[in-house]
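Sharing a structure, written as structure tokens. Questions coming.
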């Protein structure tokens, strides 16, 4: 990938094998289009350079970095506790998952265990956040394909989740809900009732979304067979999450390498067969239902007890390194932390699912049409805050 | 229908036709030429209406202005003409061409001057009310064969255009 | 002079045919003004209805229930800076929106709002309407080309390909309806818009139900093609905002952009009125056969007044539901005034002379309004087609079906 | 004012025809040459329709054939133009000097 700071625009076009810009596009039938960073359908500030033959996509080049804030570098100058809120700002629509991943990674480094009640709260909030993230994805993805209405429906229902977050920790989006070693806050009064109410409220809403889209003829035509990617390609590129599962690989870190207390819950990993946009849509819809199932079990079994393990006020983890990954709504979210024994991490490296999944864009859209590029960007479910960090 | 202010509209429409004709052959930019041609064609459709030929006027609007000219604009958009705008617009034999055209015009003038008296001044009553029907009857009756030939011509043109314009078939 | 003006009133024909310049001018002004008002109303209605589809409120701030929103929009667009890109072809850029506007307003010359309520009645009426409305594709192509930018260029290429493709299916569907006009005693068909409605009157059937289901299929084909023709959802690829930002009018702003919108909405109303004329009996009231007779005529002639009174009632309910707070006082008064105006119009429509003259127009407009609502409904419900799928639908589904219907209509017409 | 006779229309048609001929003979741009041919065809059409007012509708029928022909001509002509442009990168008519390339 070219240096985004370079002023020379041709430096981006490295692998598109461009000669001098074509005078006409009839002559060569090639047209270079710059999609983004200011474009309504690139989900933020993604810039995609498309090489087109008429409407057919011959190649793409993603230019990222417009939202780069140097999160990983900031970590090196903050203590372990101080860095915690920063991770919320990476994938800001799934802030809880990010916080969970970071807290657990540091806990692993410190060798402490969060108490069971904290783990239950973590699971409930994380799964709620998974639903919220999928809702946002569904709304924007449908909007990209031209269906306006689902966006408003999903936002209406996402509001219920955000209200629970707000009541729990005071923030709606960048929650900073967890602390290293457990949770900062005890659940508020009526938390369980609120969650249970949501559990009853939400399934009919999923049916409503599905009613609008699943059998809609145009939706099916726009998504079936679009942006196909094989399981082998997914593995080769390191694609994870719903995109991988839609290609038929039953890989979910909650099952494969259980973290928190996911091993105690009974749920299924929905998979698809074809790896196209429609399958990814179906997988995510199923995941919302499975998340509800997990939350129901968790909320019924939530034990009493402390919510914070014993962690030192000034954290000085032993020298060493740790890699810990969780299943974020978008895929495998991993934290690699190197400790030099001081209060500040020597190095933090995040493996963001969006960034890795974005690589698949080129494979998925080659030979497709411009409209499919939009559908595929939507279906990859990327958040630029996480891609650029 | 009683015609309203016939001479005025005749001069207006024919003036528009001729002015746009001049613009077509003098503009540098082919899109401007095409635009002028479209206006000319529409004005000419007005002339057809004045000649009690509403069906031809309708066909003129649909086929010429709405069909053929879109094709022209399409091609102009596809072939980038910026380079040709900077080159000489008229070829080397322009003087000869102009003279030949002038001679042709002179011929027309002479013919009309001589033959002025040959036109019957009182036109027969126009059949405006059922014009479309009459045209249809002629088209599918007496000119049936010509009509079929025309459809064949269009087919050939379609195939020819596709074969020539497409790189890979 | 006065004689000249009043002489038309006794005549039983359109001002254009009567050759009466004064009344023709009046009609032109009334129709064009009415269409402009309808476009504004449509603008408000679309935002409002779409909002309620999507559990929102829509415009609420400017005037009671956002009723003045279109006016505020218009003022905003008029005063906005009018940007012409430096590399654009200035003349073509300037004239493209005018072409679209002219094309979509000119067709109203032949729209028959009633047996005498049309500016004129050309005997190539429907051909004229199709032809002139197809001219707007020129404006689209020019706008895209003149902007000298990639997105508008792709948008205009898409748009022109789409409009030309769907015109074919549309034309075929129209021909099958025209064929039905010739199935009367004399065997002469007509292309005149008024003649087409009169043919339905004579044959005592809306062409929608003629040779069931042939008329219905032709109508459905037209209804689909007309959505594509006007670039509306689900066929709004030329201006698909998620793909091409705004398609052919990406580079336009301010007044010029509003001209595009005006043209688009006017074209929507125009094609809807073609559909109403050809298949839904034009200005005829519903059930002219089963519910005929003096009493029913009277009952149906009261409907325009009653519907306006109903609208007034809705406005007054809105007044009653307004929060009783000083902040809302002006809004409440405004809404009450609006309701009062609607009510007065409703009462005026009960007067027999007005009633007789107005009910044709009312039924025509009401039928067109149904189509306008459908447009909004489509937009709220459907995702967008992809370009190749759009072409597939146009050429591989609609066109063969339309030709089949045409042939079948001809065969059935000859047999019966 | 002089009443408008058929001759008036014929004069307009002749003028249009001459304009078209000038365009064909002097312009270098193939697109404009093709448009000039359209002008010529239109002049012919105007003549036919003007005469049809005197001698029945055959002229109008013929003008419809002429329009059909114009459509075919435009399609083929523009097809040739695109093929030509693709090979020689120019639209100048006086550079069409090879029968095969």
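Each chain gets a letter, A, B, C and D, in the order it is written, and its residues are counted from 1.
One rule holds for everything that comes next: contacts are C-beta pairs under 8 Å (C-beta built on N, C-alpha and C of every residue); 3 or more make two chains touch, one makes a residue touch a chain.
It should be emphasised that the depicted structure is a prediction, and the values quoted were computed from it without experimental measurement.
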### Task
Could you see whether B-D or B-C has the larger number of C-beta contact pairs?
B-D
### Message
By Cα centroids, which chain is closest to the centre of the whole protein?
### Response
C
#### Entry: CA centroid of subunit A to CA centroid of subunit D, Å
62
### Message
On a C-alpha centroid basis, what's the spacing between subunit B and subunit D, in Å?
### Response
6
### Task
Let me have the rounded angstrom distance from the C-alpha centre of subunit B over to the C-alpha centre of subunit C, please.
31
### Query
At what distance in angstrom does the C-alpha mean of subunit D lie from that of subunit C?
36
#### Entry: Of all residues in subunit A, the ones touching two or more other chains
26-27
### Query
Out of subunit D, which residues touch more than one other chain, so two or more?
82, 85-86
### Task
Find every residue in subunit B that makes contact with two or more other chains and list them.
55, 59, 67, 76, 78-79, 83, 131, 167
### Contacting residues of subunit D [partner subunit B, same complex]
1-12, 14-29, 31-32, 34-36, 38-39, 42, 45-46, 49-50, 52-54, 57-58, 60-61, 63-65, 67-76, 78-83, 85-86, 90-94
### Of subunit B, residues touching subunit D in the complex
6-7, 10, 14, 17-18, 21-22, 24-25, 27, 30, 33-34, 37, 40-41, 44, 47-48, 50-53, 55-56, 59-60, 63-64, 67-68, 71-72, 75-76, 78-79, 81, 83-84, 87-94, 96-98, 100-102, 104-105, 108-109, 112, 116, 119-121, 123-124, 126-127, 131, 134-135, 138-139, 143, 146-147, 150, 153-154, 156-158, 160-165, 167
### Query
Which residues of subunit C touch subunit A in the complex?
50, 53-56, 150-151, 154, 158, 233-234, 236-237, 240-245, 379-389
### Summary
Counting only contacts in the complex, subunit A reaches subunit C at residues 31, 33-34, 39-41, 55, 142-149, 151-153, 156, 212-213, 216, 218-219, 221-222, 369-374
### Query
What part of subunit C is in contact with subunit B in the complex they form?
16-17, 19, 21, 89, 91-92, 95, 122-124, 127-128, 130-132, 134-135, 137-138, 141-142, 144-146, 153, 156-157, 160, 164, 167, 188-189, 191
